[in-house]
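Mind having a look at this structure? Questions to follow.
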Amino acid sequence: AEKEKLADGSELIHKGQFVFAASGEFKPFSFVNNEDLSMSGFDIEVGEAIAKELGLEPVQKRIKFKGIVEGVKTGRADVAVASHTINPQRSKHVSFSTPYYYSGPQIFTRPESEIETVDDLAGKEVAVAKGSTYSDTASKYTDNIKTYDSDITALQALNSGRHDAVITDFVTGKNAAKEGFKIEGRQLIERSEQAIVLPQDNPNLLKRVNEALENLREDGTLTKISMKYFGEDITKKPE
Amino acid sequence: MEAKEMIKVNQLNKSFGELHVLKNIDMTVYESDVVCLIGSSGSGKSTLLRCLNFLERKDSGSIIIEGKEVDPSNDDLNKIREKVGMVFQHFNLFPHKTVLENIIEAPVMVKGVDKKVATSKAKELLEKVGLEDKADVFPNKLSGGQKQRVAIARALAMEPDIMLFDEPTSALDPELVGEVLTTMKELANEGMTMVVVTHEMGFAREVADWIVYMNDGEIIERGDPEQFFEHPKEERTQEFLKTTMLK
Amino acid sequence: MPSFSHFFEVLIDTKDVFLKAMLLTLELTVVSILIGIVIGLFFALMKISKIKVLELISDVYVFLVRGTPLIVQIFILYFGLSGIFLIPDFWAASLALALHNGAYISEILRGTIQGVDKGQMEAGRSLGMTKVLTLRRIILPQAFRRALPPLGNQFIIGLKDSSLAAFISMNELFNVATTLGSNNFDEMTYLLIVAVYYLVLVALLTFIVNRLEKKLAISDR
Amino acid sequence: MPSFSHFFEVLIDTKDVFLKAMLLTLELTVVSILIGIVIGLFFALMKISKIKVLELISDVYVFLVRGTPLIVQIFILYFGLSGIFLIPDFWAASLALALHNGAYISEILRGTIQGVDKGQMEAGRSLGMTKVLTLRRIILPQAFRRALPPLGNQFIIGLKDSSLAAFISMNELFNVATTLGSNNFDEMTYLLIVAVYYLVLVALLTFIVNRLEKKLAISDR
Amino acid sequence: MEAKEMIKVNQLNKSFGELHVLKNIDMTVYESDVVCLIGSSGSGKSTLLRCLNFLERKDSGSIIIEGKEVDPSNDDLNKIREKVGMVFQHFNLFPHKTVLENIIEAPVMVKGVDKKVATSKAKELLEKVGLEDKADVFPNKLSGGQKQRVAIARALAMEPDIMLFDEPTSALDPELVGEVLTTMKELANEGMTMVVVTHEMGFAREVADWIVYMNDGEIIERGDPEQFFEHPKEERTQEFLKTTMLK
């Protein structure tokens, strides 16, 4: 698939446009507006800020989470700003920017559940979103893993009485509980770094995205977006 | 001593929608009588026969079977049908069952006869119709004449008091008609009460006690064979016999 | 596109996990077709009952199933059934597929029941058998026999449709393929592998159904 | 299960976004059926060409499409096509659906072409028309006319199948339903709403196809 | 002056698999000849006719049309077919085209005749077959006899030198046969060279210049009608005529 080559060697699908992918099913990081299906959320605002920094028109593209990496690889989006956790497996296939926020997977269960920590997960049925690193996380503690197309569908299944637990980002889980799902967070399993995903054959674009992120960190834009959605700054590396 | 009235029909009427198919039919069949019902196509012969077996519901009039008037909405028709066997033009054997299974199906499932008893009875009946060697064969391996004889045996297995036949030989190749008529003749000789719709005038003449001629839903004429065939009273009967005998 | 050697390498490496997934696919299909036959028979009998309200219920059921995509039905039944009573995932998925298959099977059975010669019912009745007894002993056995080839085809369709159970967390063939594919960032290879599994299964089943069809045609002569 | 009043409230609130999604569903269906007809005609002609290798190609195509689930085909084609040349999403999705529909349509057209009386070809040839000219002017117009009802049915099937384009990021009905459902943490309401949209579309189309069928039957008398 | 040889067939052979359908056929048709081909069912009449039009490929032998031997693998058969019109038992009109469109289809599409010219020519032909008022009607609105006359007009529109008819009246109700035969008679009177497969012995006798009798793939006998019908030489011909005339 041929892309537009820019003067600095970075490549874009469409000249002057910064096409960034997100799932729209990961509230509050990305979610769609009821009226026009455009996406909003933390990831989206970060993507838009980067585009502005690069002097490009931001174009959002909604792809089911599982297909995002494949979509970036096959040139259906320039980058993905979709809360991808950096891990070595993914690094073999795509490039990561510097982290734009720090988070971590948490165990979520129904309120009456006795599961507290990862040690309680042995033999339990754990649901995760397909294509997420949470299935790797879960597989460390149990063999019984069920997958859905989005984190929220997995939480919905948990809410309606299916499975023993869901592992997902603690912010997403907390938000779902707030929206009325009968679920509770348990152990916060680990810390993780989330970054923007780029194809490996576009090193110049990676360089420019990293520069843009650095600028946004320094001028406080990232912090501002984080405060807006979470009331706290998740873009600073925790101690 | 007067013979028993097996079937008595009074003022029977039946319509299909606009079509008045049976018009004020009166008819009595006594025990051991063989009645042959003849008439041109569409005259209502099958419908009358089916009314006698309650496969068709009458509109008005009464049907009295063995002295008891039957009320289709109250009486257990299945019980009455046990008394009245029927043989169809197209045999209607059960194709997924062997000849023997065809015959024992109703005795075992309806009357609750023991399967062994039913089987030995069925074998007797098969012998009677000359098909003792076909017990374990499926119907599709039989000729038309053999099928019809099995159908007769199947009806007899319920030990009916009356047998109805609706053109039992008209779906058969000519060379197979004889074997079925022979079986029916034997049955008549044993004293079975029979109502037979047929176009086989030879059979009617030889075996029937009474001939009933229907036309356009009415019984036009009835009489013993001798009188009916030699001296038909009605003009329409004469017409019919002329065209039929020509063939 | 993956290279041939890579494709075969992965095909062999993953055979255990795919064979297990294939088993689940087959289980889902068999169970959903069997339940579908029960449901289908039920609605087919309602449809031919000549009782207006039962006919209507049967019509509505068929209309709902044929009027909506299977994936919508699966989601509604999976999450909807959960709200009413909690049955294990496998049974929820099977039931969702069975309710879908049931509508098509009811149409098949209705056709073959009505295709049995009317004389059969009359023969049964004239021997003193009740309507229900004649239906059970005489009509249905013949109807089912004739339904075997179309039921076989429905089985093949059901097998392919069971791939949508992937979206309600069944680890059947398609789900395993996409999960492994996205974990290994090698979607295409795994999709092609799973396509091979389906092709082999469908080819095998098609062969069996064709044989069955010929056999029945011969024994009907 | 959502309450009735809640259901209707949401149904009305979301009508704009769903109507837009419905448009996309219809566009996907129309385009994929039209391309499918072109593909189908192509493979149908290959199949009846009596040229062994072309027949084989046609058989293989039909076997591959009928032997694998649509969802597998969609994924393979969507990502596979992307690897070869980059076409816009809409066209990638349409092409994937068209290649699926094409196999079924080729079977429909093969049937109706072969169903045209052989005498028609002979009459054309005997008038000095070439095979191709007779096919184009005499056989195909008749075959297409008879194909209209089954093509209508395929359109209805294609409409429902287009729901699977949700998984390759088309904002058609089903995708909108699940996305809004998960965003509002109210999956069931949105699934029921989308079911209503499909039911109305399918009912309408079924009505049209039945009318068409009757009309053609009458004018054939 | 000797008449022109329109068709000359030498030692023609044709088999379908094991079945030898045409055996060493020799036949010559001169200009303005009307040849009637008769024979019992399955004797190969249709196959011979179809070979003359190359709808069927010969196995061996030669077919010479208007003095030129035709080689099916090299020659442009469509050009030859333009010279040889054919009328079929089942008419084979194009059902999706009006009568007029049926007739102008080939002249316009094959010969490139201007549509207006073709239309006025078609109207003349329709007048000739007595159907000038049916130009804009679809075939399904015509009777069998009318259909066949349209088929004749359609074939004539290509201005053929020879016309082949394969049982043109045998799919017609008896009362419609006459109108088609009349049209064919007129055509014969105008001097058209015709080969007609027919069971209409009256027509053959009246119109044919030569009768050819085929049996089992061979030409058994040929002669003028008078001689053929009154004094058939061969035993098989006598047999055939006896059974045919009885009907």
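Per-chain numbering from 1; labels A, B, C, D and E assigned in written order.
Note that a residue touches a chain if its C-beta (ideal position, glycine included) is under 8 Å from a C-beta of that chain, and two chains touch if they have at least 3 such contacts.
Quick caveat, the model's predicted, so the values are computed rather than measured.
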_Going by the touch criterion stated earlier, list every chain that contacts subunit A and also contacts subunit E._
D
*asked:* Over the chains that touch one another, what is the least number of steps taking subunit C to subunit E?
replied: 2
*asked:* Quick check for the class: compute each chain's Cα centroid; which one is farthest from the centroid of subunit D?
replied: B
*Which chain pair racks up the highest number of C-beta contacts?*
C-D
*Chain of greatest Cα-centre distance to subunit E*: A
_Centroid from C-alpha atoms only, then distance subunit C to subunit D, rounded to Å. What do you get?_
22
*Rounded to the nearest whole Å, what is the centre-to-centre distance of subunit A and subunit B, using the mean of the C-alpha atoms as each centre?*
83
*asked:* Distance between subunit A and subunit D based on Cα centroids, please, to the nearest Å.
replied: 35
*Geometric centre distance via CA averages, subunit E-subunit D, whole Å*: 46
*Could you list the positions in subunit C whose residues touch two or more of the other chains?*
79, 83, 178, 187
*For subunit A, jot down the residues that touch at least 2 other chains.*
67, 70, 149, 156
*What are the touching chain pairs in this one?*
A-C, A-D, B-C, C-D, D-E
*Touching residues on subunit E, where the partner in the complex is subunit D*: 53, 55, 78-79, 81-82, 84-86, 88, 90, 92-96, 105-106, 109-111, 140, 151, 154-155, 158
_Touching residues on subunit D, where the partner in the complex is subunit A_ = 13-14, 16-17, 79, 82-86, 89, 167-169, 171, 176, 178-180, 182-185, 187
*Which subunit A residues qualify as touching subunit D in the complex?*
1-2, 13, 24-25, 27, 31-32, 34-37, 61-64, 67, 70-71, 74-76, 149-150, 152-153, 156, 176, 179-181
_With touch defined as at the start, can you tell me which subunit D residues reach subunit C in the complex?_
1, 63-64, 66-72, 75-76, 79-80, 83, 160-161, 163-164, 166, 174, 177-178, 187-188, 191-192, 194-195, 198-199, 202-203
*asked:* Which stretch or stretches of subunit D touch subunit E in the complex?
replied: 117, 119-120, 122-130, 133, 137-138, 141-142, 145, 219-221
